[in-house]
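Next up: the structures, one after another.
In the two complexes below, chain A is the common chain; its partner is chain B in one and chain C in the other.
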Partner chain A sequence: MDQLAIETRGLVKRYGEALAVDHLDLQVRCGEVFGLVGPNGAGKTTTIRILVGLSEPSAGDVRLFGQPLAGSGPALRAKVGYVGEEQAVYPYMRVSEAMDFLRAFYPRWDQDLALRIADVFRLPLRQRAGELSKGMRVQLALVLALAPRPPLLILDEPTAGLDPIARRDFLSTVLGEAVGPDQSVLMSSHNLTEVERVVDRVGIIVHGRMAAVRTVDEFGSSQKRIRVVFQADQPPAGILDQPGIAGVAREGRGYLLTVDGNVEDIMASLARVPTFALELLDMSLEDSLLHYAGGDRRA
Partner chain B sequence: MGTTPSFWLHVNPSSGVPLYLQLKEQLKRAIGGGVFRPGDRLPAVRELAVEAVLNPNTVARVYRELETDGYITTQRGIGTFVAADPGPRLSESERERALAAAGGRFLAETAQLGLSAGDAVSYLVRRCGVGAHGSLPGPAKE
Partner chain C sequence: MPSPLRAVIRKELRESVWKLWLGVGLLTVLGGMLGPTYGLLGGIFPQGAIELLPAWLRGPLSAMLGDYRLYLWYNWYSKNLYQMLTVFSIVFGAGLVAGEISHRTSGFLHSKPVSRSVVLAAKYAVALGALWLSALAGTAAALIGSYASDHPVAVRSFLLGLPAALSGAAVLLSVVLLASVSAREPMKAAGLAVLWLVIMSVASVVRPLRGFSLFVRMSGERTALTGQVEWGAVLVMLAAAALVLGVTMRVFRTKEL
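Presenting the complex of A and B:
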């Protein structure tokens, strides 16, 4: 069954004149890990704050598990675990006290799970939250978000500022505890590389709009295809023998080239001869992000 | 598993090669190299996903393709195993060649970082914890 964990239609958030979210359509299916990727200021955090009820939309429709978020009660909100950029844990509480405090609010709280993950992260249970390092605060926030076993986990730039090992532990824990047939994860990042290994699909958000949605199969492939129809009966000598052209197939009146690198040079040389048609197919996710955002994916 | 060193797998999202293809090639190499022998049980999809920090569907896809290609067999409800005849084991010389290529890359990058060959060696010793007998220890947390 293809129920949606998250569905927004025409979601808009205005701050005065500025449109932070501009008619955003987002669909996260039950059981999937969805990455929301875009440059800083694209509207990721604004969208997420609306989804978790920290901010009201200016217009549009938001549904979680098919139920409208507007006017919903605690039952729907309790289905969502959230780790934001700022970790809202009372700084004077010890790690163990923060667990006990939240535990009272959630009937489904799984204390064994909380202690197990805290142990994986080597979180000092006696330490006060305010004295934890930034990395540990994020880890504590994940423990607190996972312990109620929410069917939907929403993570806003969760691994920003974590070192590579902590990041690995974090993502590994999310995969182990929050991913399953009845569990969904929405995770934002400005860094595609960071999310692509764990997600099923990625939505690229630019200027508050969903610019593209890609599945995991389309990730990271450097292979492209070029479709070209030459005006001459025969292709110009040598033009199909360039380095990078891995395959040549006839397609109607034209050719379908499989290209493994050197794409720009090949396109440029094809553009110099008379053609009826010349197009680059199979944009990778990376290309799309660069294309839509005009930025560096590893910025 | 059990005796398999935990660092047998290394998937890198920045390499430009799709993640599922990296995982597939590395599993094939591990089978050809004898890390996993015919009849050995492979980690469950979920287990490998957590270990390699990959989406479970990516791992499941690789298992499906390796099964189609005859490297592994899945027994529903029991587990995934290396096929009785997963194809030829890599020969000693093939393994030497692959090691030379991987070692060359490692040493070049070490040199480019301005580190010495001694640094490279001591890193390997530290990382692997190679004992006097030269064998690798059990799983080491990365």
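Presenting the complex of A and C:
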């Protein structure tokens, strides 16, 4: 079994009556880039805040590199680099001062790497963090997260609010320049195109629970959509209740089926009844997310 | 000293420079003015005029006009110093944690490999250092001002009031820090601290409880009368500060940041 960089079992986070994370099981393997996607309020940021020590779980087990996070000391936290939209570098610190400040926390701090990435982003070392643009502040946070060469990098909506060029530069730097083959990345994002492009596996989180975990290719191969227009006014009895049909939506005179597995059998059975149209469509990650989040419903 | 602690202390020192200047500056001015204004007090109340005042005011004023040592002690330890230390503990301490949360820098700092206890200890130590330095500067200014205005005082006897004032400041700051950890915005933390300190001050005005009042102990009333430091009270105050700080650390360890 692969060693796990992150493992949560039955992770629960409550805020009063509200359940933000509901028995979440998450496994991120060492060396993989894992994308965490889900609608707003699904529990992505809460999960990440627990993983980086900003929030305490209400219940459940959290392990990083096999060690329990609860009661762990700074040594385990030194293995995690974090870039989150909810954090700000001290605005009065110059870029170089922020680097000097954090050097004291990490025995493995790589100043050459910090300066190299800062140079790639053209970050002015003498400029104060509070004077940087939003994009540059995110870039600075990335520099500071990568310089200790953490075995695990956690990115929470790192490119939110960045323009497309800055987004591309950010991700190419993360995955091309800085993250080595032994490093794991957990990345949450609303930008599914971006996620599809860079991750090895994707977890879809809905209502605080992990709805599905697959590789991007698996999402494409096992999940399909079928558009069918029956010649009869009503579909034959039971034909839309076959195993594998996960969602049925009315679309004009026809039906749009969301299929999760058993695609061939379903297509064959539909082909046996008279139809005006029958076509098999690929599903994008966005379609999958919408499906799990309840964006397509049974008719 | 471990590197992360040193780094956090350096950061806190940098953020606290204005507090130090404010505290040292104001208390130096207040302390330094006491000697020169003693003569003015006599001028305001010429011979005979003091008899026209109500009895509750006449007694202390007559005593102070007749004894500079009493005047200095009353105006410094029993008035200016503990009142200003109370105000400064709120100004210095309310934003220590709540300010970081509201400015979103707490997420940056506490996602790094440093324990929350270390961060809190560094914040407390630096703020307390600023409070104590302010108190020491003001006390020195009070002595210098006395000599400069030809009112020499026994330095050693006057300094006997400091242990109670400084240990009381440690309690005040720990209470304000608990408020800062309990709130998410500096203004709310300050409001909470003011509320708690007002509740604590009730003991000062209830005669049977005066002995238990932090503010009464800080003013060093007994020390002024006996010429002896109340080491028992000082130790109790330091223990209370440590206890409240311990509770604060416990609350902070599980705080959502």
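Here is the rule we use: the second predicted complex is superposed on the first by the 218 of 299 C-alpha atoms of A that agree within 3 Å, B and C clash if a C-alpha of one lies under 4 Å from a C-alpha of the other, contacts with A are read in each partner's own complex, and residues count from 1 in each chain.
What we mean here is this: contacts are C-beta pairs under 8 Å (C-beta built on N, C-alpha and C of every residue); 3 or more make two chains touch, one makes a residue touch a chain.
Quantities reported herein were computed from a predicted structural model and do not represent experimental measurements.
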Partner chain in contact with A:A78 - chain B first, chain C second, else both or neither: second
Touching partner for A:F105 - first (chain B), second (chain C), both, neither: second
First (chain B), second (chain C), both or neither touched by A:G53: second
Chain B versus chain C as contact partner of A:I165, first or second or both or neither: first
First (chain B), second (chain C), both or neither touched by A:G176: first
First (chain B), second (chain C), both or neither touched by A:F276: neither
Which superposed partner A:Y90 touches (first chain B, second chain C, both, neither): second
Partner chain(s) touched by A:V199 [first = chain B, second = chain C, both, neither]: first
Contacts of A:V33 with chain B and chain C, given as first, second, both or neither: first
Contact residues common to both interfaces of chain A (with chain B and with chain C): none
Residue numbers on chain C that touch chain A, as the complex places them: 3-4, 6-7, 10-11, 14-15, 103-108, 110-115, 254, 256-257
Residue ranges of chain A touching chain C (in the complex, touch as defined): 52-56, 73-78, 80, 82, 84, 86-92, 101-102, 104-106, 141
Touch list for chain B against partner chain A, complex: 11, 13-20, 46, 49-51, 53-58, 61, 142
Chain A to chain B touching residues, read off their complex: 33, 165, 168, 171-172, 175-176, 179, 193-194, 196-200, 216-217, 219-222, 298
